[in-house]
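Just below sit the structures, each encoded as structure tokens.
You will see two complexes here that share subunit A, one where it goes with subunit B and one where it goes with subunit C.
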Partner chain A sequence: MRHLPQLYRAQFRTTFADQVQYRGALAIWAINLILEPVIYLAVWSTVAASQGGAVDGFGARDFAAYFIAAMVVNHASVTWIMWEFEFWIRQGTLSPRLLRPVHPIHQTIADNLTFKILNLIVVLPAAAVLALVFHANFTISPWTLAAFVPALLLAAALRFAIEWTLALAAFWITRVGAINQLYFVVFLFLSGQMAPLALLPSPIATLAAWLPFYRMLGFPVELLLGHLTPTEALWGIGAQAAWLAIFVVALNVLWARGVRQYSAVGA
Partner chain B sequence: MTALRLLWLHLRIGVMNELQYRANFVLQLGESAIGLLTALLGLGIVFAKTDDLGGWSPDELLVVVGIYFLVGGLAQMVVQPSLQRFMEDVRQGTLDFTLTKPVDAQTLVSIRQVEVWKLVDIAIGIGVLVVALVRLGHAIGPAEAAAFLVALLAGAAIVYAFLMILATCVFWFIRLDNILVIFQSMYEAGRWPITIYPSWLRLGLTFLVPIGFAVTVPAQGLVGRLTLELLAGAVALAVAMPLAARWFWHLGLRRYGGASA
Partner chain C sequence: MIESTAPALSVRDLRKTYSVPERESGMRASIRSLWRRRTSEVVAVAGITFDVAPGEVVGFLGPNGAGKTTTLKMLAGLLHPTAGEARVLGFEPWQREHDYLRQMTLVMGQRNQLVWDIPVADSYELNRAIYAIPIDDYRGALAELDELLELGPLLPKPVRNLSLGERMKCELAGALLHRPRMLFLDEPTLGLDVTAQRRIRAFVAAYAERHQATVLLTSHYMADVEALAERVIVIHRGGLLFDGALGTLVERFSPFKTVTVDLDYPVEGLERFGEIVSIEELRITLRAPKSEAAALTARLLAELPVIDLSVSDPPIDEVIDRVFSAPADEAEPARLVGTSA
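Moving on to the complex of A and B:
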């Protein structure tokens, strides 16, 4: 445990060098990052225009604020462990990682954090430009901004724990592509990525409020933009913490079982 | 003709290869079904709030979804995997084996690798189109059908030429692993008619990355909202871009050093 800070520093340097080298991949990632919110923003602004300027209280400028904030929150919480872990298992490169004296999760945390911090250089200017272009209506009060910080951190931690847990499916199933895809579809609709929850048909919106997806994206966004009351905000942060606890336990249990039955490819 | 015969040949090889891995068919079926479900749910959520999206009715957007699957399936079945393999060949120097074959090398690198199970996407695209047409029923006359077919062929030619030009850049850069992914990720925007996007994005999706011509324009043709000028423009581009791709290919080929160089 004493050596963990050292390990994190080393991983920071590796990821940094990696990112600087593959600038092409970075450009593609940036196109994706910006295109997605613009697509849904355009769709919902068109809907708002056809309904006389607003749907369910959202005008074009509110949609702009929502989807731009969602882009930033998504960047802060994104992970790619579900593909990476499958690759580790299929290529057998998990084996050397298991031999190290620390849990492989530390390396992925450091890698993930470095990527996110580094790419804020792209994300924040992109958000600012989009906010100007679409005249986003950001009305943020001090308390929502203050409450947003823990909500954002919990959202990132929760998504990391959930996607790490799902990634462990690769211990038992060799091709997890279909599971990943299914997860991302559910995420798309229930997290608020495709539309604010208020616009979904009410049974789906109710379901979404009880599941963890909304806590990873839509909740911090709506908290920041002042759509929630202080009670709802507190309740939501509590839900985030509860889900996080559940998935940390699940992750530990499944990891212990998975490692026991893991037989390296080629061994 | 030779091109079609070669394509047929590679299609058969692809089928024979893939029949060894029949589980992949089930996986592809699952993936395509989820993709279709996503598209339909998205439409459902949007049209629960409005009856028309920038002038497009729900059934007309179904046409867009159908063409999105059809064109995407075609590109992912033949063109993208073939060009991906071509780029790998340039990097490794193994393009030599292709260049020495007694057929046109550009044709060969464009159709050599076939992902057979993407037929599922093409079938889904056609199925969705048929459903949309039945629901639109009365509105489709011979003029619309003709405009649709011409626009679809033009769109396919434009997309092919665009991907070919992107891939040909590999002669200069050698390592361009992800360049075709740019198209893939921007193609997502084609799920919706590009007429709803802000003008800068619409222009980008028309001239920079020709997704508008691939999906929206054929859909406009089918629902009878395609102007003659736009159709003529699409056809002109469908002639000009493959010619440009051809020229660029020859330019690039001259830089190719081969495996032992």
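Moving on to the complex of A and C:
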């Protein structure tokens, strides 16, 4: 454990060197990241305009603020471990990783952070430009900004833990594509990525509030934009911490079982 | 010291059985397999027992599917055995304790540990961090590996730009930066040209010698084993067929000697001397039962215009081929296990 900081530094350098090799891929990823909120924005602004300027209290400028903040939060919490892990298993590259005196999760954490830091160079200016172009209605108070920081970090940690846990399905199922697809469809609806939760039919909104998806994206966004009361904010951060604890335990249990299974059938 | 007398590697009745899905061909069988999966048990390693002393280099031989790689994977800690015990450097390998992993390495020809898109040197830096190698030790190890393998010009190159041989050298060096005491090398020279093979071989020998490292090595190239290992363990159909000195293996499985003579001028009727393997102009190669080789040599010298004569064991490849092609009942594992070298 003592040498973990050194390991992270080395992994940062490696990932950095690896990623800057593919500037084209980085640029495409950035375009994809920016295009998504623009599309939602365009759709919802049109809907708002057709309904006399607002949908359930959301005007075009509110939508702009919501989807731009969602873009930043999404960037901060995104992972690709579900594909990567399947690749490790299918290509057999998990085996050498298991024989290193360090848990493979550390590499993925370092990779993930490096990618995000590197891409902030694009994401933050893009958010600023979009906010100007679409006249986003950002009214942020000091307390929401202060509460946003832990909420964002917890959202990222939670998403990482959940998607790592789901990725472990690859230990038992050879093709996890179907599971990934299902997860992303549910995520799209229940996290608030496609629309603010308030605009969903109320049973779905209630369900979403009790599931972890909203805590990974919509919650920090709404917290930042001042849609929540301090009590709701505290309650939400508590829910994030609780979900995180559950999934960290699940991840550990399933990892141990999965590795045992993997090393029983032919690593 | 107790350390030096205890075996580096000790294997007792190690077994591995895989459960393999089984299905008849055809559409109907495919549909049936949707709800009923049939599996069959395949014995990969059928209970093998051996010890390896610290610093020993052992060749691990067997045809494809004999259970070599499965054994290596169990000993490296990747696979749980179905039954049996193993201790490597005092550890039970499949517990994968970090203290164990830091002292051993498994090199499997096709699996790359190096990061594809970045310079070799950067991958090594990462390994340094993974194994927590102190900077001075790291520099020492790298200098030594560079000296043995001439890595210098390769270090700044991205791995994807290396040739197969260069990549193997770099893989091997990367796997040894932490100076493991136990090396499992699975086909380290696979796909390399003769020069590169010789290079890798010399390197493994030098490394093992210098660091008193224990090496268990599988290879399809007998030259690897001849150059590196005095002792060989042969497994066949999951069982131990032979464990002993390479020379003993040859003796045991080849009851023949090869006698080669160079003649001064052509001679007719050579058949009377025994089985002729080849005649190339004035060079005649004969095969004789071991017990008759001395008498044959005397006869040849007395009756023919001999310029030169040599008696040798048949090529090791030929011997191994005989071992592996022997029917199962003839090659009863228990009876052929030789004395340990």
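Methods note: the second predicted complex is superposed on the first by the 262 of 267 C-alpha atoms of A that agree within 3 Å, B and C clash if a C-alpha of one lies under 4 Å from a C-alpha of the other, contacts with A are read in each partner's own complex, and residues count from 1 in each chain.
Following the convention adopted for this analysis, a residue touches a chain if its C-beta (ideal position, glycine included) is under 8 Å from a C-beta of that chain, and two chains touch if they have at least 3 such contacts.
These numbers come from a predicted model, not from an experiment.
Visitor: What does the overlay on subunit A give for subunit B and subunit C, a clash or a fit?
Guide: With subunit A as the common anchor, subunit B and subunit C both fit in the superposed model.
Visitor: Which holds for A:Arg13: it touches subunit B only (first), subunit C only (second), both, or neither?
Guide: The answer is second: A:Arg13 touches subunit C but not subunit B.
Visitor: If you stack the two complexes on chain A, which partner ends up touching A:Ser50: first (subunit B), second (subunit C), both, or neither?
Guide: The first partner, subunit B, only.
Visitor: I'd like to know which partner A:Ala178 touches here: subunit B for first, subunit C for second, both or neither.
Guide: In the superposed model, A:Ala178 contacts subunit B only, not subunit C.
Visitor: Kindly classify A:Gly238 by the partners it touches after superposition: subunit B alone (first), subunit C alone (second), both, or neither?
Guide: Neither subunit B nor subunit C is touched by A:Gly238.
Visitor: Which partner does A:Val102 contact after superposing on A: first (subunit B), second (subunit C), both, neither?
Guide: In the superposition, A:Val102 contacts subunit C only.
Visitor: Would you check which partner chain A:Leu35 touches, where first means subunit B only, second means subunit C only, and both and neither mean what they say?
Guide: first
Visitor: With the two complexes superposed on chain A, say which partner A:Pro230 touches: subunit B (first), subunit C (second), both, or neither.
Guide: Neither partner.
Visitor: Just the number, please: smallest Cα separation between subunit B and subunit C in the overlaid arrangement, in Å.
Guide: 8
Visitor: So subunit A touches subunit B in one structure and subunit C in the other; where do those two contact lists coincide?
Guide: none
Visitor: Within their complex, state which residues of subunit A touch subunit B.
Guide: 24-25, 28, 31-32, 35-36, 38-39, 42-44, 46-47, 49-51, 55-56, 133-134, 175, 177-178, 181-182, 185, 188-189, 194-195, 199-201
Visitor: Where on subunit B is subunit A touching in the complex?
Guide: Going by the criterion above, the answer is residues 27, 30-31, 34-35, 37-38, 41-42, 45-46, 48-54, 176-179, 181-182, 185-186, 188-189, 191-192, 196-198, 201.
Visitor: Quick check on the complex: what are the subunit A residues that touch subunit C?
Guide: These residues of subunit A touch subunit C: 2-3, 6-7, 9-11, 13-14, 17-18, 21-22, 92-93, 95-96, 98-102, 260, 263-267.
Visitor: Give the list of subunit C residues in touch with subunit A in this complex.
Guide: 18-19, 70, 73, 76-80, 94, 96, 98-99, 101-102, 106, 108, 111-113, 115, 117-119, 122-123, 125-126, 128-132, 158
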